[in-house]
Structure formats: C-alpha cells, structure tokens
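First subunit A sits with subunit B, and in the next complex the same chain sits with subunit C.
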Partner chain A sequence: MQSKVIIVITMCCLTVFVAGCGESNAIEKLAVVEAGAYDLSEGSENPITTTVLFPTVTKEGKFDTMALTAKGKSIHDTFLKVQNLTSLKIVGGQGTILFGEDLAKKGLINVVKSLRRDPEIGIRVKFAMVEGNAGKLLEKKFPSIEDNAEFIYLFLERAGWQDKVLFTNQYRFLRDYYDDGIDPVLPVFSYEGDTIGLKGVGTFKGDRYVTLLTFSETQILNYLIGNIKNGRLMIAMNDLEPGQNYQLSLSNINSDNDKIINTKNMQAEIKVKLKASVLEYTGTMDISKEKYQKQLEGQIEKYLTTNSEKLIAKLQQSQSDPIGIGKVVRNHLTYERWKSMNWNKTYSNMSIKVQVKVELTNSGKSI
Partner chain B sequence: MKAGDHLKERLHPFQLSILLYSIQNGLVVYTLPRVTAQYFGTNGWLSIIFIFILVNINILLIATIYKLGKGRSIFEIIEATIPKWVMIPIYLFIICVWIGLASMIMREYIFIMKIFFYPALPAVYFVIFFTLLGFQLLTGGIHHITKAFVVLICFVMPMLALLLYLISEFEFDRFTSFYFKGGTDYFEGSLRVYSAYLGIEVSMLLFPVVDKKWTKSLFIGNFFSLFIYLIVTFMCFGFFSFDQVLNDLYPIMTLFEYTEVSFLSRAENLCFCVFAFKILATTVIYYWGAQKTLENIAGKVKPGLWIILILATGFVLALIPGSVAHVEKWSNWLSNCAILIAWALPIFVLGVLFIQMLRNQMLRETDYAK
Partner chain C sequence: MTEANYEKTLAEFGDSFDLVHRSFHQDKFRIVYLNSLVDSQSLEWEILSPLREMSFNHLEQATDQSLFKRINDQEEVIKGILDGNVAMFAGAYTYLINVPGFEERAISQSERETVINGPHDSFNEVLQTNVSLIRRRIRSPRLKMISLSVGDISKTRVLVIYIEGTAKMSIVNQLKERIQAIKVDSITDSNFLIQKLDEHQNSPFPQFYTTERPDIAVSKLYAGKIIGLVDDSPNIICTPSSFFDFFESPDDLYQRWTIGVAVKLLRYLALFVTLILTAFYVSICTYHYEMIPQSLLQSLMQSRSRVPFPPFIEALFLEIVIELLREAGARLPTKIGQTIGIVGGIVIGQAAVQAGITSNILIIVVSVSAIASFIVPSYGMSASIRLVRFLFIIMAGFLGNIGIFFTLGIVIIHLMGLTNFSSPYIKAISPAFFKSWMDNIIIKPFYRNK
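Then we have the complex of A and B:
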C-alpha cells in the first residue's frame, strides 16, 4: 500500500516537470528582446512604430546589440514585420518598454492593453517615456554605453530604489490608470548629447501624458505621494530667495505623509513630516549649533511648502493627480456623491495646502 | 496490510479535514477576486464570508443526516423507504453532473496552463496524465486517496507564503469606503462564489468510512478553504485597484506573477503547476463519488470496471470543449447543477429520515397499544 502511495506522488511530480518539455529553443537561434520602444509614426496607414533591441554575438565572440524597426497597424503587426527583418527567432522577455512622447500624448492604454494580453510579457516589465522618439534612443550608439537597454533597465532599477516615484512598471501603471483616484507617472529620458539622461517625470491624465516635471519637482512629488524611508533630497536655495545662494543635500530621510480632507468645502491639506540628516551644506551658518539648525529647518520648510504648492498648482492646471488626492476624497464621500461628481473639475479648483515639518537629526561627521 | 483491513480502517479527523479542504473546487480561486468584484462590486471580497455561512448550513444538513441516520450510508437510508428503481434516474443525473464537472474543472485548468505557459503543448497529454493518476488513486480506494492528498497539499500550502512579498504594494485606500456598490447580479455572483466551495457535498458518501466524531472535520476543512480564499482575495483588493481587478481574467495569476524574490521570480508558474494537485483532488473525488453511486446501482459488477468506465467518460468529455469560453459555460452550468445536488439531496434524505422516524414511532405506539 505504501509503495502505491509513492507511485502516485512520483507520478504527480513527473506531471509537473515533464510538462516543460513541450517546446525547446536553442539560444543561438533566438533574439531575446531586451527592450521595446513604441512610437507614433507619421501617416495614418501604419500608426505604430516598434523598435526592438536585442543582444547579438558576432562570430569572433564579440558582444553587440542590434535594433530593428518596423511600422505597422498594431503592436503585433509590427512584431511580425520586425520578425521578417532577421533570421533569428524573436522572443519576448523584454525588461524595459519605452514610449515615445507623441504616442504618450495621444494615449497609451491601447498599447499597454495589447502588451498585457501577451503572456510572454511580464507584469514587472519596466515602463518609461522618452522625450522625442523612443526608437531613436535604442538605435543611437553612445560612446559611454555598451547596451542601451541594459543601461536603462539598471538605471531605472537604481532610481526606483532611491526615489519611489521613479519605480514604474506595467503593474503600477495599470493600477494607477484603473484607479479613479490617482493618475500614473512615468520617468522621462532624453538622449541629447553623448549620453542617456533622466529628464524628470511625466504625469498623466488617465492614459495621456500631460506635463513634464523637472528633477527637483520629481523629488518633491515623491514626498507628497506617501511615506518615504531612507530617501534623499537636493535643495538649491537660490530658487526661493535671490539673496541666499547655497546648496543643501539631505539624506537618510524618513518622512511621514498625512492627507486631510474637508469634504464640505472641498479643501485638502497634505502634512509632511521629514526627519533627515545633512550631507552637504554650502551656506555660511554654523549648523552644528542648535539655533542655526532650527533656522535652517525653517528655511527648508519654507522652501518645500512653497515649491510643493507651486507643483500642485501646476498639476491642478493639467488636471493630473499623481499624488492620489482623489483616493482620499473618494474614501470620504458616499458612492453616489463620488460618482456624480466631476472629479477632474473639482480637483483643478480645489484648495490644496501643504504643511511641512522638518527635523534635522544630525549634520554629518564634521562641523 | 491485508486487503480486508480497508473496510475496518477509519479515517483520522485531521486527514479528513485536509481531504475536505483539498477536494473543494480550488480552480475558482484564480478568478474569484474578479468574480466577486464583477457581481458584488466594491469590497466584493466580503461576499466570500456570506457564502461561507450558507455552505456551513449545507454542511450542517449533512452532519444532521449522519447523526439521525446513525452512520448508515445515504443509499441505505433512501432505499429503506423508496424502491431503488425510482431513484435510478436521480442517481444517474448525479453521476453525470459529477463526472461532467470533474472533467470541466480539469479541462479549464489545462486551458489556463496552455494560455500562460505551454501554448504549443497538446491538451491531450495533460488529460492522459490526469486520467492515469486518477486511475492509480481510484483503484487504491478512499484511504489511499486521502493519504496521497495530505502529502500533495503540503506542496500547495507553502505557496501562500509568497504573498508576504507583496505587502509593500498593499494599500488599504484601494479598498474604497464603498460596500457592494457597482455590482451586477448578486444571485449569479453567489452561485459563482458558492462553486468555490463545491466538492464538500461528496462527503455525503463518506459515512461508512469515517469515525463517529468526523463531522467537525467538515467544518474545519471548509474553514480552511474560507481562510485561503479570503486571504488571497483580500490581498488582491488591496494590491490592485478595483477596475484593474475587473479587467484581469486571472487576478491571482497576476498577483503571484509580481512576486520576486532573489531566488525566484515570476512565481505564478510554480504556483499554478503545483496547484495541479488540488485540481487532481477535486477531479478524483468527484469520480470517486460517481463510482460509489454506480456501485450502488449495480453492486455485482467489479469496481475496476466502473472506474475504467468513469475515467473513459471523463477523458472524452474533457477533450470536447474547444475554447475557454466553451469550457466556462459548461462548468458554470454543471456547477449550478452540483449546487442543486448539494442542497436538494441532503434535504431529500432528511425528509426520508423524518418519514422513517415517524413510522418507527407509530409502530412503537401500535406495539405499545397491543
């Protein structure tokens, strides 16, 4: 009887493992796509341009990459056409997907839905935008970069660790798109000059790209969205007051974010508490003394409050809500009131205040 | 152990709890978050708890039959009052529904497997594997089935730990503060959620092989299912936004797809393959139920013949559907029939028992009068 049980269990395990033998692929004959880029092309007949980048190895054993581009009516139409450009078998598994600026302005959801339907493309695939043409970024050779796709992938991975808002993938994009109380964001790259650089963050209204936030605005947005652990912040104080001109770099920031909504007259207040240590300070105050430290805290608070409110006004104007104020408002209203409300309009006319409290825990190793 | 010992050996309550958990139709869990969101609207995951209460009432009926029938099998109870030939059409209906449902669950699993992982592999391979395993288990009898499942479920359970890796993306704000708003059809939704608990009704045939105090295992096994359904669905509602759940065919698949540990990424593959054991459990127990019912109709035929007949029917049925929509239509229809059986059969048997008790009492009174 025991042996029979063992037979059954062995067979069960076999089922699981043998099932993998259905298809076999030799790696030399494959073009494993590292990154895909999608753009809007001119002319209405073939509206989508797809560029794929995959690594190749020459006969001498040298590593290189190859980018192929094709125009088509849909994502998979372009895939078929790209396939016809090479003798290798193109397989998915891309780590990064880039969208061109024009396509993003027109709306991404159809493209993203096509990608979502395909089981070869994982939910963790990184999403980013490119200022200008996304395909060009993959095709262009940069002297300091060996593999553009790998560069962007690793760049996004690191940036996502440092600033939570830059951590974007298919799941996060779709989640915020489908949520009626928040809008998605995507990091924006540019390829002017000799290297690929991060330009900032593009915010969306639904699935359409509306505004570009600069790098310093992106940093502030990060703290307005939610709690941050071990973050960083770079402040150039001359932004605010022309008389002052110094750089301040904060690190090890732990922040606490609280959003308060008054549903009667539709007012919101975002309370941010920061605890940080000073990494760099180029000003004249002796910040190891408590008095000046307090003064510096006050200056940072003022800087953050003013810039946050400016940022929010900019977002309100473009009716984009990446902070997720809608989520908090929705959870304070009844279903009927939320559904009957024109949220976009209410949002752009809402009064949103920001209150920042900064506490400097230390000022580094030296005075 | 001698062959005759099977009849005397009774199932341990713990083994039974695991068996009852494993036979419940687990495949539904892969669509459960979307189904609850679609039919019940916002915070639809709560419906799982309400349906759980209904299922408990159903189990209570079965437990009552066991108690009032003093351990007799339901066939003995029924046939003590009603002639067998009257019951044959009903038995045949039950057999058809159970075999059909088992095959459809198997086929739906294979379809999902093909969509996600092995699009090029012919479905017939999987069906052959399931059928062979089913044969091995069924010929061993219910004791073998139970012991094998206890081991196999140990493979399935650790997968839940992967959910811990998703907590960083979990947010209570996504639950919304609305309850059951934006739903479509509560009745249809209840049927769909109920089908996740199906399988437990086959326990009506377990009476001859269980201990006296086995009924608590029924509740424990069912509670186990509730726990697992609730934990994954709850996770889904906080991990995805509401409309995202609505737009995802298999949200649980996406949920596990997102887990990434340094030694394992895209864990949904592993999870779903291991889940085959649970599908096997559900399929086999329905076949076993059909086998027992057939044996009751014609006891003189060798059990091996019935097993082959049932598996052959199941095999053919599983190969018929050509598309996911097709298989879903059939499995919905058959699970509705199975829900009907799950409620109507115990109520009917209770009715029969009641008549028997009345008659006994009358007999006793007339005896007393003499």
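Then we have the complex of A and C:
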C-alpha cells in the first residue's frame, strides 16, 4: 500500500516537473506565419530579404494581418532578425512561400534547401513566384482582400484542382529539380492594380527562372504534361486564322497523353487525345450537325497542334523542359548513354511533334 | 430465548407515542401494536371485531391462517411489532397478526430515468409495492426471492431476486453471503448498500447498475442477472453489471434497432466529448498551435486576445463554474432554481466574455462538453465522468496532448482492472469477445433475439 502511494506521488511530481521541459506555445503569444516571401536585396552584405505575414488582433479585437521584413545573410539569419521586430514569438506553419522574380532568376535551390531542413515548414507548403518583389505583395493592402496570404493559399488550392500544372508545393519543386529530364514550374502572381492576379506559369531551367508562359500557354502545357481528368480549355480562335473569330470553351475534358520517343534520330512525338464537351461556342456553325462538329474538331486540333508546337519551340529555346520529355528519353536509354549525352543541347535541337485528336462528346444545346 | 410476555413487551417499548395496548375478555386476550405501522381498517376487520364478538373461542382453529403466526421468542415479537404486526397474547400463546399499513408515495413517473416510449411507472420506497411491480411482469414461479436484513439498528429488509434456471446460482449465493457479511448500524438507501458491496471502493466509477424503472429491472432478470431490492429505497441494484450498461436506456430497445444503435453510438461519442473536448482545447491553445486550421486560428486568436489568463486557468475556472451551477441547480427548490438559469446563462455566458475573463470559444467548448455529460443516461456514471474530466484538463494543461493520452491510458487500465462480482467491468472489450460486441456494447437487431 505504501509503495503504491509513493508511486502515485512520484508520478504526480514527474508530471509537474516534466512539464517544465516542454515549451509552452499559448496561441495569443504567437505569430503563426501564414506566408513567407523571399527576395534578393541590393547590396552583397545582406543578400536575402524575408517578409513574413502573420495574423494579429488589433486593440479593438478586430482581425488583422501584419507583415515584417528583414534583410540578412541567409534565410535563418533573416528569421532571427524578423523575430527581433516583434514581441510575439514567430513560429512556422507557413501555408505559402513566395519567391521574388530576381531571386528566382538567380537560383532558388539554396533557399529551398534551408526551408526543407526546417521542421516547422511542411513538405506540402505551396510555392509560387511573384512578378517583381514578393515581399511587396504581402505588405500591400488590397481593398478587396482581407488577408493576402490566405487569398494566395486558397487561390493556389483552387487553381491546383482545376489545372494540374498549377499544383505546386515544396515536394513537387524538389522532385522536379532533382529528377533528371524535367524542370520545375511555379505559378507567377502579379500585384499591379487593385488585386492579386495570376499572370501565368514561370518555367525553370534547373533552379533558375527562365521564361514566363502566358495564361493560354499554361492551359496547353497542362495537357502536354500528363493525363487530365475533368479539365477545361478556353480557346480564342481569332489568333489562328484571320477569317475565324469566335470564342470556344470546352469543359469536362478527359485527356490521354502519350509520349513516343525515337532514340535513333532523337525525335519525340506527343500524342494527346481529348474528349470534351462544348460549354460555350460563339461561332456561326450549327455544331449539333455531325458535319460541322467534325469541322470544329478539326479546327480545335489544328489550333492545339500549332500552339503546342509554338510553346515547345519557346521552351526549347530557353532550354527548359517542364513537360518531362527528358524523363521519357532517359527511360529509353542506357544509363551510360544518358550520362554521356549533353541533354540540354540535344533538347534544344530535338524535333518534337505534337499530334492532337479531339472528340467532342457532347455539343450542348444549340439554338 | 426468552418467553414472550405482555409486560416485558410493554416495558421494551417504554412510553412510545404510537404504542397501543388493549385487553379483551377480562385480560384473556391482550394486544399490542404501533398504530403508525398498522392499517386501522384491516385491524378493525381482522382483529378488533372478532375479539369483541368473542369468535376466538376456538383459538386453535381461528388462528390457523397465514395471517396469524405463533411466536414464542420475545425478540421476534418485538421485531414483528416493528414490522407492522399486531402482537396478541392469548394465555400461554403469542401470535403475530400481519396487518401492516402506512403512508407511502404513489407510483409515479421516474424523474431520473425518463423514456419517451415504453412504460412510465417506477419504483417507490415500499418494498411490497416494488415486489408487486416485478411480480406483475414475470408471471412465473421460477422468480425466486431471498429475504435478508441489513443494519444492526435499522434492520432494513433486502430482497435478492433472480429467475431460477436463468441466473447463475454461484453469484446468487455470493451476493447473499456478501450482504449478510455487511456490518453496519443502518442503511438508508440502496446506493449505500452498493458501496458496501463494491470490490473496488476507491474507484470513481459506479460498479453496480441501479435503476428505478421496473421494466429495466425485469429485462435484467431475463438476461440472467440478479437484482437486489432495499426497503425504503426506490433504486434497485443489479449485478453483474458492466461499464456499457450505464450507457443503456430502455428507449434504445423501444425504437427501431437502427435508430437505437445510432443513439447508442452517439452516447459513446458523448462520453469522449465530455472527457476530452475541454482538455483538447487547453492542449492545442497551449502547446499544439500546428493542429489548428488556418481559418480557425483567426477566430481563436481573436477570442483569446483579450483573456489575461493561460488557457489552463481559463478552462479550469469555467469548468468549476459549470459544476457550481449544476450542483446549485440540483439542490435548489425549483422556484429559486430559475434564478440560477438567468444568473448562469447571462452573467457567466455573456458578461464573462465581455469582461475579457474567458474567450467565447471556450464557453462553447465547455457547454458542449457539459451537454455531452448529461447525455449519459446514468446519473452516477455521468457524475464520475465529469470528475475524471478534471484529471484530463489538468494533465492537458501540464503536458498537452501527451498528457491527454497518458490519462486516457491510465483510465483504460483502471477500467480493465475493475470487476463486479468477478465479472470484468468492460467485458467483451477486455477480455475480448468480438462476437458479443454487437450484443453487449451496442444493441443487436431485435429479430436476432431469442
């Protein structure tokens, strides 16, 4: 009986004393960082600028956000300096990480590596780029947006569901970076005007940002990378043929993507099969008739093929391969041959063809 | 054994206010009784008028009925009188005539255990009435009763009831022996008796199922269990009972079984909500900010921002206030009880938040767990869960989620160690009988009942 009492007392004491070892994180004393932005700053002494955005509560009890900026030698150096700017304890939990254009042009991998080592930053943290200065985007107050970080997070989450190519997080960035024969992409935001908007997709060569793809190019890239379920496509026909001037919106797209490589003369062909329904069509043809439907399918195929090839030429020129053609080539070659090959050079001179097959499963109502 | 005799009996009672003694036929017949325990109408009908009309001339024949009992022992006579008998001294013989009658509460609806469907009667404080409620439902001679008495002064009658052939005789005998072994001066209620019978008297958990509904009592008897009735108590006890019995309500069986199962699962959910919700609030607000979704973080920060206390103190404060409110509400007369509702609802609810003493999310959390604690149908179990909850809150305040799971482990280990008449307290889970999970823990479909 006595020994039991002693055990109970020891346990109670342990509970109280052990509790002292844990760090208490009462939420009202925390600044839980919602988004971090990393930029290149002028001057070589402190090359990195970090801006963090975290929610706060004003004196009136209203919800607000606060952005703090500090310059430093490295990511964690800036964290320490940001910490000195506030009485709250800054803790991780970033949902979104933004990179400035200049930093991305210089190369991101050092920044990403030190973020990767930080256990407070998860592998699913969303990555994006900002045209211009990323910190400014977090600092700027937009009349229609209450919380910039939350806005971007939700925007990326929604966009990632709609277009697979926009689904970018730390895991995907590092995977595409380390994998041979594919390059990462990041969505690019701009903050001109009264709101934050998506500008397109920035493609990388290794860890360096090289080109910006426009919104319509992004849509096409989406279908070149892989199979898409329940996608969308917006086509403005006027830029292809001068006589044609109509808008076409396809929805409910299920696509099938196949990449065929001829390793002898280094030729690649991307075969895309699209099954789609017409959501909007502003042209004059009566597409409920099979004849005109076939004609429309042909027009879409032609549009997609030419635009894809244009896009690929653009990518080849900048030696960026977000489609992952290199990966397919690598899988067809022996390790020695792949290693001995100068892939960047081969890629930019390679002949890559695109073949598109479109099938309109339903043309909707036509009046 | 001392010979029963009129003078000694009178001397024993002294000058009790309700003692009546009369003699008839030149002291040939003398009767002694307590008029507070005797039904005056049957007394007149069965004894006084026959005595006046001198129909007891053939004494042997006249007393050869179950109403009359021939007694010689003085102690037995005293006990008989105290049980509501009339003692009749006729020459050398002494008879006890059973004509009890006293004021009792009418059979009314149970206030503690209410049902929507199903019978509405409940036990009252009189053993006779309670037995009749059970007898009326089981029309079988296999229903057996053992009469015992507990308490040196109170001599409270305790009945052990079981169905022969269904109940395990070893448990019946064990219960009988244990009740006989109880050495106390008095017991006033069956809840007192069960604490004397408990195998683990320091555990916060009730180990005997008690009920005041005859329909539950009877269903327990049919299930092979043994029930105990205590005179002067509306609560019957039931053994062997398990942890899951306390989460049963007869309404589960009176509804479609699918609905019954859903409600039962809701109760187990309520058990966890009561135990853990407030503790979880304390632990995530103190240690685990990562677990809070971004959108919830905003409102949580907003409500916490004006509170000067750490979450642990804040939660403990509000939980104690809720317990105060509950206890005050349980003891106060209903007319004053309304004040509690106003004071508790308005002052604690709104003013505490406006004054910045507690956060409004905590008020929601604490009220939800208080509501959940009242979902447990057994009052005794609900009270012990509420007590154990404080252990969870304290451990969450010290150690966060680790503390919660540590406490959960301790509580589960404790439950596993409990027994009720050698039957494991959480039978079917430990030791595991997966086949009877549906039966013991939830409810099995009605068509599968034999």
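We take it that the second predicted complex is superposed on the first by the 343 of 367 C-alpha atoms of A that agree within 3 Å, B and C clash if a C-alpha of one lies under 4 Å from a C-alpha of the other, contacts with A are read in each partner's own complex, and residues count from 1 in each chain.
The definition used in the following text is that contacts are C-beta pairs under 8 Å (C-beta built on N, C-alpha and C of every residue); 3 or more make two chains touch, one makes a residue touch a chain.
Please read these numbers as outputs of a predicted model, since none were measured by experiment.
Enquirer: With both structures placed on chain A, which of the two partners, subunit B or subunit C, ends up touching more residues of subunit A?
Expert: B
Enquirer: Looking at A:Gly61 after the superposition, I want to know if it touches subunit B, subunit C, both of them or none. Which is it: first, second, both, neither?
Expert: In the superposition, A:Gly61 touches subunit C alone.
Enquirer: Contact-wise, after the overlay, does A:Thr284 reach subunit B, subunit C, both or neither (first, second, both, neither)?
Expert: In the superposed model, A:Thr284 contacts neither subunit B nor subunit C.
Enquirer: Scan A:Asn342 for contacts with subunit B and subunit C and give back first, second, both or neither.
Expert: Neither subunit B nor subunit C is touched by A:Asn342.
Enquirer: Using the superposition on chain A described above, determine whether A:Lys327 touches subunit B (first), subunit C (second), both, or neither.
Expert: A:Lys327 contacts subunit B only, not subunit C.
Enquirer: Quick one: is A:Val91 in contact with subunit B, with subunit C, with both, or with neither? Answer first, second, both or neither.
Expert: second
Enquirer: Between subunit B (first) and subunit C (second), which does A:Tyr171 come into contact with in this model arrangement: first, second, both, or neither?
Expert: Only subunit B; A:Tyr171 stays clear of subunit C.
Enquirer: Looking at the overlay, does A:Glu34 come into contact with subunit B only (first), subunit C only (second), both, or neither?
Expert: A:Glu34 sits against subunit C, while subunit B stays out of touch.
Enquirer: Quick check on the output: what are the common subunit A residues between the subunit B footprint and the subunit C footprint?
Expert: 15-16, 19, 22-23
Enquirer: Quick one: which bits of subunit A touch subunit B in the complex? Just the residue numbers, please.
Expert: 1, 4-5, 7-9, 11-12, 15-16, 19-20, 22-23, 119, 122-124, 171, 174-176, 178-181, 324, 327-328, 330-335, 338
Enquirer: Mind listing the subunit A positions that touch subunit C in their complex?
Expert: Counting only subunit A, the residues touching subunit C are 15-16, 18-19, 22-28, 30, 32, 34, 55-57, 61-63, 91, 93, 95, 147, 150, 153.
Enquirer: Going by the contact rule set out above, which residues of subunit C touch subunit A in the complex?
Expert: Subunit C residues touching subunit A: 285-290, 292, 294-295, 297-302, 304-307, 310-311, 395, 398-400, 403.
Enquirer: Can you name the residues of subunit B that touch subunit A in the complex?
Expert: Checking each residue of subunit B against subunit A gives 1, 42, 113, 115-121, 125-126, 129-130, 132-133, 136-137, 140, 144, 147-148, 151-152, 169, 173-174, 176-178, 181-182, 240-244, 246-247, 254, 257-258, 260, 265-266, 273-274, 276-277, 280.
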